[in-house]
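Shared between the two complexes below is subunit A, which has subunit B as its partner in the first and subunit C in the second.
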Partner chain A sequence: MARNLGGFLVLILAISICEAASIFQPISDSHRSAALELFSPTDGTFGSLEETYEALRTFEILGIKKRPDISTASCQSVSETLGSSTSSLKDVFHALKVNNILKCKVNDETFQGVAKRLKAVLNDASSLLDFYYSIGSLVLIKDQNSEVDVLLHDADGVFRSIKALSQSDGRWRYSSNNPESSTYAAGLALEALAGTVSLASSEIDQSLIVTLKNDIVKLFDSIEKYDDGSFYFDEKLVDAREHQGPLSTTSSVVRGFTAFASVTSGSINVPGDKILGLAKFFLGIGIPGNSKDFFNQIDSLACLESNRQTRPCWDSSPTQSAQPCTVQVSVPLILSLPATVLSLTKKDQLKVKVNTVLGSSAPPLTVKLVRAFISGTKDSSVIESLELKFDPETAVHFLDVLPKSVDVGNYKFVFEIVLHDSEDKNVYATGGQTQVPVFVTGLIKIDNAEIAVLDSDHGSIETQKKLDLAEENAVSLSANHLQKLRLSFRLATPRGNIFKPHQAFLKLRHETKVEHIFVVGNSGKQFEIILDFLGLVEKFFYLSGRYDIELTVGDAVMENSFLRAVGHVELDLPEAPEKAPRPPPLAVDPSSRYGPKAEITHIFRAPEKRPPQELSLAFLGLTLLPLVGFLIGLLRIGVNLKNFPTSAVPATFALLFHLGIAAVLLLYVLFWLKLDLFITLKTLCFLGTFLMFVGHRILSHLASTSAKLKSA
Partner chain B sequence: MVKSTSKDTQALFHSLRSAYAATPTNLKIIDLYVVFSVFTALIQVVYMAVVGSFPFNSFLSGVLSCIGTAVLAVCLRIQVNKENKEFKDLPPERAFADFVLCNLVLHLVIMNFLG
Partner chain C sequence: MSKLLIFLTLIPLLPILTTSFSPENPSGRRVLVLLDDLALKSSHSVFFNSLQSRGFDLDFKLADDPKIGLHRYGQYLYDGLILFCPTTERFGGSIDLAAILDFVDSGHDLIIAADSNASDLIREIATESGVDFDEDPAALVIDHSSYAVSNTEGDHTLIASDEYIKSDVILGSKKIEASADIAPVLFQGIGHSLNPSNSLVLKVLSASPSAYSSNPKSKLSNPPSLTGSAISLVSIVQARNNARILISGSLSMFSNRFFRSEVQKAGSPTKHEKSGNEQFLTELSKWVFHERGHLKAMNVRHHKAGEADEPTIYRVNDDLEYSVEIYEWSGASWEPYVADDVQVQFYMMSPYVLKNLSTDKKGSYFTAFKVPDVYGVFQFKIEYQRLGYTSLSLSKQIPVRPFKHNEYERFIPAAYPYYGAAFSMMTGFFIFTAVHLYSK
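So, the complex of A and B:
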């Protein structure tokens, strides 16, 4: 029983911790091991080039060095795809992406051929996907081989034709004859446009860039929000055929938006909290179960984190190299707590970590605990603006000792990140104040525990025993129905305050397993329950005898929650009157109710006793004896066959008559052995008719001969 | 006294035998057939008494077959007997045909009941 209660408390604690986990943890080692599990090659390949790219890119971002060796097979697939003139645009695009990571040996002619083909496609492209794949591929070729001429001379024209597919709300259509607009397509378009800008041989018309920036702002107006502060994009029209989930849609927009931001100068008016919200959305997924989602999550987070570090502005386009670099997309910083359950007794430190989404260290900053309040009560804050110390070795911000005003309980701590460097404020998004649920637990002191039997009339104490609730007790008391039982104890927190647990129950269990549970109430300073047996006789079903007493005190923040046997009380209750209620039947054990039923054994009728075979055979012989006797008797009498007709025709009929009788008897035997009644009767019809005929002929012949004999 | 009783019995049997010797041969055959049937039935009853009545329908079929055919034979004997003036006009061939037909019907039922 005690274990059950312990388990229950652990469950409560676990649930509370789960609730607390709505704070977002950055990418950690659990993601790395999950990545190796999700992206595991079969037969040395990942299937398609797209999957190969997703795996390689994920490993690259997560910094996994020990990735499976697939370069040989993949490189072969890459050169086959690039060398063939029939391979689809999508495959070429992914082959180039794989090549970007693996750096396979692809010769210049191949690149030249692919680039020529891609430019031809780009000239007659009308659908967004054609633009996306061809421009994306050209950008990749530019990065991989500087010899090949991939620059677009008509970049403005390409830009305009992509832009022509856009809608007024910032979303894009897949092609001009498809009226449905999509957020996912907007992400693809932004990426394609970013590629166009970086491929332009001369500078793109700035007015185009400005309108596109407005489009992005409009697109961000359609962003959706969860209650925990995370933002995401979702398709408005749910089309079963091309529907993308929120994760891939958001991922596409983030990719396109960051790509575009990295190739243009000037600011895009997207607030930092939306960027942080997007990061929270990706982190809030946890570890996705399929590789596509995993790649989308990791790749988008990398885009958010690295839009400055790995893609310096001067590298994006040669034409913009002279311009000063400003950052348009802020890098989100994630505040996380290694532990949200703090023990007062163990003097746990409040620790806070601040990282980027991928877990790398943050710039110099200070974490402020703005305030803390007991959850459920908004007003009374127990802490007001404390600054956390920073430990550079572990990169943890910590609070040495929790202030005296913090006692055991559920709290909401509100943190704020203050960046030291004012320039960093433009680079990083901290998202203002972060609210984190924190549990403060502690050992609860129990004292003044005592149990007493009181006389009902005067209230005078008859017996009184002290209890030590830290261990099992075995108090034995006796009382009758005119007396009362009193149990009282006091609970105090480590800070010396009065503690009110969620659960305080007293249980009385009779020998016959009938249980009664009472809630122990608190009267200001102490917990006390008085059981007046006079009022309870009916509830106790007039059952006298021994009652075991158990006390339960439990709370999620009470480290020493307990269920203790206190002892027993011998109750002497009056005889039950006629109409007294019967004690309820004992609860059926669920395992017997839902468990397997007793096996049904089929009872067959026992076969009748048969006599031994020898006896039956002997009697078969015996039944033949009278037949033998009959035949002997016939011989003795001197039977002869002189009356058998001698002329041919009557003799034939006589013979047929006897054969007919024999045939009918044989038919009867067959009927007994195997035939059914219908077949037998049918056959009997024919045999009977035949027998009647021949019988009539022979018997009338015999009658006429005997009549002649008489008359003669 | 005893001797005279046994002698009387002997005389009685003797007179019975001599009287029976005058019975026509065809009636003797029928009598023999009746005796044969009854004995067969008796043996089956004894068998039943020894091993029990299971399967009861088989026992019934066997015994009733014998008793039935014996009864039919008695009927035949009544009809064939010249002394019986009642059946003077009935030719014995006709009686025999009845006997055969009744036996066939009886045994059809018996076979059905045998199981």
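So, the complex of A and C:
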């Protein structure tokens, strides 16, 4: 239940917002275009026969001529379904329904066969759906082929066995072994019972029909209601097998109830406002987005409307054909306004249309404007009982000029439909009085607008400037925290009364985009706001500088609502104390947050400065000079190698010793050129050992020869 | 027989193959739609059909259905959630505020539509997403200057707004191209404000400067809490884990009635045959469900100039080449992403090099630069954050070493005098040893 409640709330909400209270528009061209959109065949068919029927029926009701041509494919599937003995009851039923519209060529034998099969099913049927499909199919066969014998000889018995499934509260069970009762099933049962009555070969027991009428009244006791006056049926038990939404439940009941009403005589005690409420429920849905819902809506509305014509009743049995079909269910009339926003300045006419739910014209009638009052105040009416004129050409009831007492504002108009023909009163449901919210708008005159800077102490005017609020202004003012700013203007309605708009804001925007908003109050005739800067210093966060002033005045009924830049004021406020509040953070433009960053390139360390190569080479030459000097000196001294050992062994050692030294020196050169320290040290190790050995030998040899020389 | 066996073994694998929210396939296909009333399924069918036609598998449930749940056995059952249940005070089943936040925290997408009389629960979810709805339960956004002209609705709460964010990735490029004649978007509902310090939430559709949020039936004595273009009508959030959220203050803006209705903005002479809602919300839903603006980067490569292999270390002053491939998810496949503002950083504590990448328009981005003469542990970093795109954050660590001892310059002309001096001394020494030892 709670779930449903939530659902209702949304629907109520949707209706109350979207439809702006209780205006219901009858079916119009937008429904027709939506129907063509929703029911679009794929590959020349609509899928199942049920969907085909729904599409065809919707097109038929809406009078759409340019419907997609699907008759060949559908007729083929109809004759296949009817010809086969294994096709399900449901398919047979829908095939016959399609055939009813398309008038396919089905031969008599096929009908005979189907009728025989259906009667067999009917004899041992126990579930409600079996009854519903078989009886419904038989009725359809009767309409399509008069040759076939479809009359029921035991109509009373069938009637009783269907009635046996009914519950005390007017609802029905699907089958005897299923204890759950459903409102949806009640609709199916009523339709089946209506079929039984029309198929009966002899008059049905009147007492049965009387009890059934009571059941219908009980069923209508369980009807539920929205705030806007629409009525609907819903399942009590939402978890019931195959939960149906309120729309399909309501449409099932409407179908069954109207079918039953059309085959019986005598009245069923259902008040007209409930019928109207049901119509409002279907219209309040708007345009459903799903083909099933769309069909349910349109078909139910057609059921409600078709009561008007004394339509060919289902039965043409000899017993009842003598009586014409009388109407028991009243036809709802829908009062709608093409426009509920009326401009006083443009002298819009108040127009009212009265139609049936499907948009066809109503019987002669007069629309009375019973009263009108400003919404929110119930008592004071501005208009008392006015009769609207009728324009037969456009079928519109209209009021030429709104009376002088109607000024701009938000009104509730209460209409009443008065039918001319008293006969019609039994046929149509008008629903008594209809309340419609109407907005009367107009251009508001703005004058006496001025802005001034006042001295705080005396209230004397320092600077004062006139404003023309019809266009942008660029007033420039300056003030300090000891002064006041006053803005005033006057608003008047087209009728000359004072106008109080819903929105009258003064906005001050600092250079840093910090905004302050003030509501401009009205004192009697004048709208005035005085900003005492001394009290506002803290609110302004001690921000001195330029403040742009903007004035916004707007109302739902004001046609010239505006947002105007007035100018700016240069404010000189004291320095902020330490504990002053900081201005709030401001919204950042998202695009600034996401842009690419500036490129960064690394700055490399600059290489050291070096002398030019020539200088280095010159100094290289200089460093070589001492060696040259040394060589020259040696030559000048006259060096010789006379002391070189002459015997073979010391000479070899001497040679090896000097080769060793040369090798060490060469190693140093190689170290400079390419070798690393490890290889150099390793090699030096060997060379050093070798050098020590040969050095020791040659040096000791030299020492011994020189010692010999000395001693000699 | 064997075929049957293979088939049977594959059956348990099917759900894994078909339904997985993975980095390889960012737009998950299963969406849970929670409704207040199943009638919404029919009244908002155009929006749902557009999702279904794009391959989404919508699961419609009543919000208080006791059987609903977002995950089972530690696995999420859905990839997205649509909350079209503004009045729900409590969800049925195992769903609550924390469950929804966990759902988003694990990278799933969410669409919230509120309405006047939105429940505290819906408001709380919005607040947790960084959006604050007007606290007054009866408040509606009113705009006396840019309302939609209508014959039957005179209270100016039906707003026609064309102040939406300029972003191709969020709203699709079609809208921007046809900018000469854009139909305004119809909105009727409550406004919200964004916290300026929250950088993840963005205003997509904002109100005009003359709008305000208040109860249209009562008189104003204090300034309304939300006014002007600070009012956000529709906002989006992209969380740090790339989960996306769409928050709208109006449920009816998704309805068929608004999608199909013709619209004329007050003060404008043009009457559009169809409102911009369908395009706006369809494009926005593409963004929310990651059919656009979802990037991935792969194949990050770097190497020394002239080489092909990736080194484990760079030396200061090396010349290197860096490349990465970036693709955008189009709803069905990964398409090369083309932009000229992708940047790479060579980063250690702060970027040493920040360079724009060049692209070959086939998804590959590349550049070349010299390693700075500072050694340490560096990172190649791509921090790509653009409006509406998922953020790319890649980093790859790479050490940089100084010169080895033998990598310095060896034969410096300026040092020739020193070398000359040393070698001349060595020559002199050699000659001197011979002369000293053997001269008489």
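We adopt the following convention: the second predicted complex is superposed on the first by the 536 of 712 C-alpha atoms of A that agree within 3 Å, B and C clash if a C-alpha of one lies under 4 Å from a C-alpha of the other, contacts with A are read in each partner's own complex, and residues count from 1 in each chain.
The criterion applied here is as follows: a contact is a pair of C-beta atoms (placed from the backbone, for glycine too) under 8 Å apart; a residue touches a chain by one contact, two chains touch by 3 or more.
Quantities reported herein were computed from a predicted structural model and do not represent experimental measurements.
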Classify the contacts of A:F505 with the two partner chains as first (subunit B alone), second (subunit C alone), both, or neither. second
If we overlay the two complexes on their shared chain A, which of subunit B and subunit C does A:L684 touch? Say first, second, both or neither. first
Output check: A:P611 vs subunit B and subunit C. Expected answer is one of first, second, both, neither. What do you get? both
Under the stated touch criterion, which partner chain does A:F630 make contact with: subunit B (first), subunit C (second), both, or neither? both
Taking the superposition on A as described, I'd like to know which of subunit B and subunit C A:A703 touches: first, second, both or neither. first
Looking at the overlay, what does A:G289 touch: subunit B (first), subunit C (second), both, or neither? second
Tell me the contact category for A:I64 with respect to subunit B and subunit C: first, second, both or neither. neither
State whether A:F671 touches subunit B only (first), subunit C only (second), both chains, or neither. first
For A:G245, using the defined touch cut-off, is the partner it touches subunit B, subunit C, both, or neither? Pick first, second, both or neither. second
Partner, of subunit C and subunit B, that touches more residues belonging to subunit A: C
Residues of subunit A at both interfaces, subunit B in one complex, subunit C in the other: 610-611, 616, 619, 622-623, 626-627, 630, 634, 639, 661, 665, 668-669, 672, 702
Sites on subunit A touched by subunit B in the complex: 608-611, 615-616, 619, 622-623, 625-627, 629-630, 633-634, 637-639, 661, 664-665, 668-669, 671-672, 677, 680, 684, 688, 695-696, 699-700, 702-703, 706-707
Mind pulling up the subunit B residues that touch subunit A in the complex? 25, 28-29, 32-33, 35-37, 39-40, 43-44, 46-47, 50-52, 54-55, 91-94, 96-97, 100, 104, 107-108, 111-112, 114
Can you tell me which positions in subunit C touch subunit A when the two form their complex? 36-46, 49, 62-65, 85-88, 115-117, 142-145, 150-157, 165-166, 188, 194, 196-197, 199, 202-203, 209-210, 212, 214, 216-217, 219-224, 227-228, 230, 252, 255-257, 260, 317, 341, 343, 345-346, 351-356, 369-370, 372-374, 385-387, 406, 412-421, 423-435, 437-440
What residues of subunit A sit close enough to touch subunit C in their complex? 2-3, 6-11, 13-14, 17-20, 23, 30, 34, 245-247, 285-290, 293, 337-341, 376, 410, 437-439, 441, 502-503, 505, 507, 515, 517-519, 550, 552, 554-558, 561-563, 584-588, 590-591, 593-602, 604-605, 610-611, 613, 616-617, 619-624, 626-627, 630-631, 634, 639-644, 654, 658, 661-662, 665, 668-669, 672, 676, 698, 702
